[in-house]
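The two complexes that follow have subunit A in common; it is paired with subunit B in the first and with subunit C in the second.
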Partner chain A sequence: MQAIKKHWVSALIGLFVLAFLYLPIVHVIVNAFNANKHMRVWGGFTLKWFQKTLTSADFYDAFRQSLTIALCVTLLSVIVAVTAVIGIRSFSTKVRNVESTFMYIRLTLPEVILVVGIMIVISMIPGASLGPVWVVLVQSLIYSAYDMVIVQARLSTIADRYENAAYDLGATTWRVLKTVIFPLLAPSIFVGALLAFTFSLDAVVSVVFLGGPTTETLPIMIMSMIKRHVTPEVNAIGVIVMIFNMVILGITASVIGVRSTVSAVAGEAE
Partner chain B sequence: MLGMRERVLLMVPETLFDVLLLTIPLCFVVLYSFWTIDLTTLEVTPDFSLGSYAAIMKPIYLTALGRSLLITVATVAGTILLGFPLAYFISQCKGKLQVVLLVLIMVPFWTSFVIRAYAWTSLLAPTGMVNQMLTFLHVIPEHTDLRYTDTAIIIGMVYSYLPEMVLPLYATLEKLDTNLFDAAADLGRSTASTFFTIAVPESKAGIAAGCLLVAIPALGEYTIPAILGGGKTLMIGNVIASEFITTGNYSRGAALATMLLAIVVMLIVVSRIISSRKKVA
Partner chain C sequence: MSEEKSTGSFLGADITLDHVSKDYGRGVYAVNDMDLKIEQGEFFSLLGSSGSGKSTTLKMLSGLEFPTKGHVYLGDEDITQVPANRRDIHTVFQNYALCPHMTVWDNVAYGPRGKKVPKAEVDARVNELLELVEMSEYKNVKPDALSGGQQQRIALARALVMRPKALLLDEPLGALDLKLRHHMQDVLRHIHNEVGITFVYVTHDQEEAFSMSDRVAVMDKGVLQQVAIPEELYAHPVSRFVADFVGSANIIDGTVAAMREPGLYEVAFPAFGTLVCPGVRGLAEGDAVCAVLRPQDIWLHGLADAEDKVRRKGIVVDRSFSGSFTRITFDAEGTRMTCLLTGNGNTGIGLTEVDVAWLSRDMWVVPAE
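Moving on to the complex of A and B:
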């Protein structure tokens, strides 16, 4: 509380920024229950937007497609990230620099450039066509970089001595991985998986370019809904997705603890 | 230590990804921009041509590129102005409050991005809450429709890129030696003066990292202008999308993507030069 008094200007700006971050979310939640179709004034409490959403086959279909893609992306990106982070440690600085440059490119490169490159490659492979497989691949490529930052941060805090002790005691490589390295990395792997999963559920660009005509994930369905007309149902969808994500976040936090979740996600930015 | 064979095996998945899904596609983007396209069949043949570059030297493409640059600059400026004080405040807080604030920054990540962007179109409409607040404060004249404008896109971009500025800034500020702040206070510096003479200059590296983290993806942004620009105000990412998806002119789209790539590479090189020069000095 002392900090607030001392830095009241920063605190005030911070408060304003938080209000700015939460305003649209509040708007979505309020209007998910607002009977007024145009969302301008409060028209009374209603659950009809939820009813409309939860009885629509399109919603379930899109949600199922989103979940399938997100689960594949989570699995693939975690595998790529964990193997690379463990493998790269003992290579020379030169190799490691090349690898971290690639990681940085994957983290920041505008997605548009990457997906059009893959569209070109698909057009050159005989018999290949756009589809969800490409969406999974490109999302795994991008989100595994986030996973790597998180897992690497964790690995760098683990001293080599645990591993060396295990080797000295005669453990095989596989045994060391299974009983020493994986358990120590587990919290960061969980957070990485969580990030990949939630990013994938929200992804737009990769699906728009590479999904082809039959792939319609939740964000794509929402984008086509709002293009046509004012649709209060999207607010209900928003609340449903929010609750779903909170449950997943809650499960992760209860497995590995709130502090490690926060510090792992915050540490990602370094 | 892992054996050589195991280490190499462990690197296989990532290397495959980096080569097949990143390096090769990027090479083809550049190649296609210099190859010849038959405008009736849209077939691309590997004969050198600058035709696609000549074709994009038209006002519609150049305006979209210019607008992307302007919107990116505005987005970076907006995220620093709003994000730095917040990051500074979080770094000065201790214990529970700090954790709560960090959680509050991250929670919006877990709400559908498309829906949050859509919410801004309602908030910016003449009857929307933000619009009426700005009218009340005389920032904008009455009955201004802010929807589907550059302003709407900038607000949406600052909104969505803020966490990517706040988190690296927080990470830098958090690592600063607290003795610096204590010394400044002991020597009678005011909080404001400490902020500007210690916090800001000492976190230059974090600011630079945050700027790149925001600017690079912002240049190629597709989703925000697609929603908040209402299909009228386009950025380069949307133009590339329409060349590839609607028109099917891969060479022209590739030329636009290569220009974007060149700008991104330039940004990174310039920032590397600046940071290495600082180290020498």
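Moving on to the complex of A and C:
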């Protein structure tokens, strides 16, 4: 803190960035309760936007679909990531390098390119049609790369150390996994799951291209609402989603501890 | 060493390395043709700098690495290819490697539980070992809450609770401060006496190896240089490397002028003339050699006359006081040498000319390489 006080220029830039990030959020929250539908001035406190949202069947359908997809993606991407990270260690360095290259491709390749490519492939499969299943598969493919980075960072700090010790004490490979590797990976797996979940909840590109006409998740619904004219209901939806996400984050932090959440994200040792 | 010290629950075994090599490919040998027998119940140290192959040797004993050539035996059993989790050899790791998500008790009980040992016996054994390492009161604590020395004790208990035939210790005291290290050395020796199994101890610290071990093996570049009891290693090293590695030494170059009898030579030293010194066997006239002279064998004052007394003038160039002794560095006939003064013998010695003396029988001749 001392250093920041002295470097007031960087402190100012920091403040500006924070303001830029958080002012729109404040704007959303304030206007979710603003009776003035043009949102320019304060028109008095109201809950009618929430009322409208929470009584709309469209909102529930979209929310349910978003949640279903996000949960499937979370589960699938975590399974893919953990098995891949643990399994890849039995291969040679060459194979591992190829694998990690592919992992980084998944991280850096623009989602839209990957998604369009897959969409074309699907259109060439006879009998296959676009739909939520493809959304789940493709999102799992992309987001598992993030999980892998997180889980791998954690695994590399624990692998030799505790694994060799457990093995030396006579444990079978399966017991080492169950009693040492999994428990020590748990915080990073949890954070990876959280990332996949929030990414999926937010996803637009993969849903637009692969979801087909029947898939309308929350972001898609908001997009189509805004296309006609910006309605204050969007703010209410935003606040609801924000609360939902904060509850999830709170649960995560209370399960694995705030410090573990931070360190697992940062990929630190302990 | 082979006498049975154990109380019945522990039973040691010999370890034999039969021409063992570990080749990491492209002709790089981590361990090269190592032939060694470690006796049952012995406290045996592998001493070497990093990269000497001592840790690789330990891993081949534990089963975390496998030799590319040769065989490893535990007692009469060939365990060369037996994986780590099926060997009766357990390791205390350098970084302790206690599982942070388990309590002390669960850490120590980890091994026996996996071997389907009945619960009552697991409890009895864990209790016994925690008592042995004097950590009973910490059984419900997580390892992170313990100090380095305490974690080390738990790591010891965790390995010993498996009743191994041999215990491997990989630089176990490396992370501890000096005082604690000395204390833990006592603890280790005490525990070795209690359980009576074979201890194989890896260290780069010569003093530690000497003070703890029955025998010490010096390794360099994957090759076993010398295996002997500490006193023998120190007094009669086989090579310049060993002489230099085990304690400080004055190394004086010379040439063998004649052999008096096997192991006793007339050596011509450019700096000091021809002296009669003992040395390794097998040297011949004309061989380039060097003589090892330990600093404490050089006297600045009052060495009684003897037939083989060597007396020279030296110029003191440096003094360093380290409590129990003072190290004096001097030039004699153009050769830089050091000697040790204990007690108050250093009083009055400035950077001046001094009389230095030693006995040529205290010199030890090894090949110059």
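Operating definition for what follows: the second predicted complex is superposed on the first by the 262 of 270 C-alpha atoms of A that agree within 3 Å, B and C clash if a C-alpha of one lies under 4 Å from a C-alpha of the other, contacts with A are read in each partner's own complex, and residues count from 1 in each chain.
As a working rule, contacts are C-beta pairs under 8 Å (C-beta built on N, C-alpha and C of every residue); 3 or more make two chains touch, one makes a residue touch a chain.
The shown structure was predicted, so the numbers you read here are calculated from the model rather than taken from an experiment.
A.B. asks: Quick check on the superposed pair: does A:Leu249 touch subunit B, subunit C, both, or neither? Answer first, second, both or neither.
C.D. replies: In the superposition, A:Leu249 contacts subunit B only.
A.B. asks: Touching A:Val28 in the superposition: subunit B (first), subunit C (second), both, neither?
C.D. replies: Touch partner of A:Val28: subunit B, not subunit C.
A.B. asks: By the touch definition at the top of the document, which applies to A:Asp147: first (subunit B), second (subunit C), both, or neither?
C.D. replies: neither
A.B. asks: Kindly classify A:Tyr167 by the partners it touches after superposition: subunit B alone (first), subunit C alone (second), both, or neither?
C.D. replies: A:Tyr167 sits against subunit B and subunit C alike.
A.B. asks: Under the stated touch criterion, which partner chain does A:Ile13 make contact with: subunit B (first), subunit C (second), both, or neither?
C.D. replies: So A:Ile13 only meets subunit B here.
A.B. asks: Report for A:Leu137: first if it touches subunit B alone, second if subunit C alone, otherwise both or neither.
C.D. replies: Only subunit B; A:Leu137 stays clear of subunit C.
A.B. asks: With both structures superposed, pick whichever of subunit B and subunit C touches the larger number of subunit A residues.
C.D. replies: B
A.B. asks: Does the superposition put A:Glu233 against subunit B (first), subunit C (second), both, or neither?
C.D. replies: neither
A.B. asks: Pick one for A:Ile79: touches subunit B only (first), subunit C only (second), both, or neither.
C.D. replies: first
A.B. asks: Based on the A-chain superposition described above, do subunit B and subunit C contact any of the same residues on subunit A, and if so which?
C.D. replies: Touching subunit B in the first complex and subunit C in the second, residues 167, 270 of subunit A appear in both lists.
A.B. asks: For subunit A, which residues count as touching subunit B in their complex?
C.D. replies: 1, 3, 6-7, 9-11, 13-14, 16-18, 20-25, 27-28, 31, 39-40, 79-81, 83-84, 86-88, 90-91, 99, 102, 105-114, 116-121, 123-124, 137-138, 140-141, 144, 167, 173, 198, 201-202, 204-205, 208-209, 218-219, 222-223, 226-227, 234-235, 237-238, 241-242, 245-246, 249, 258-259, 262, 265-270
A.B. asks: Can you check the complex and tell me which residues of subunit B touch subunit A?
C.D. replies: For this pair, the touching residues of subunit B are 1-3, 6-14, 17-18, 21-22, 24-29, 32, 82-83, 85-86, 88-90, 92-94, 97, 99, 101-106, 108-123, 127-130, 159, 162, 164, 167-168, 170-171, 191-192, 195, 212-213, 216-217, 219-223, 226-227, 231, 237, 240-241, 244-245, 250, 253-254, 257, 260-261, 264.
A.B. asks: Enumerate the contact residues on subunit A facing subunit C in the complex.
C.D. replies: 161-162, 164-172, 175, 179-180, 183-184, 270
A.B. asks: Would you tell me which residues of subunit C are touching subunit A in their complex?
C.D. replies: Subunit C reaches subunit A through residues 62-64, 83-86, 90-91, 93, 95, 97-101, 110-111, 114-115, 144, 158-159, 162.
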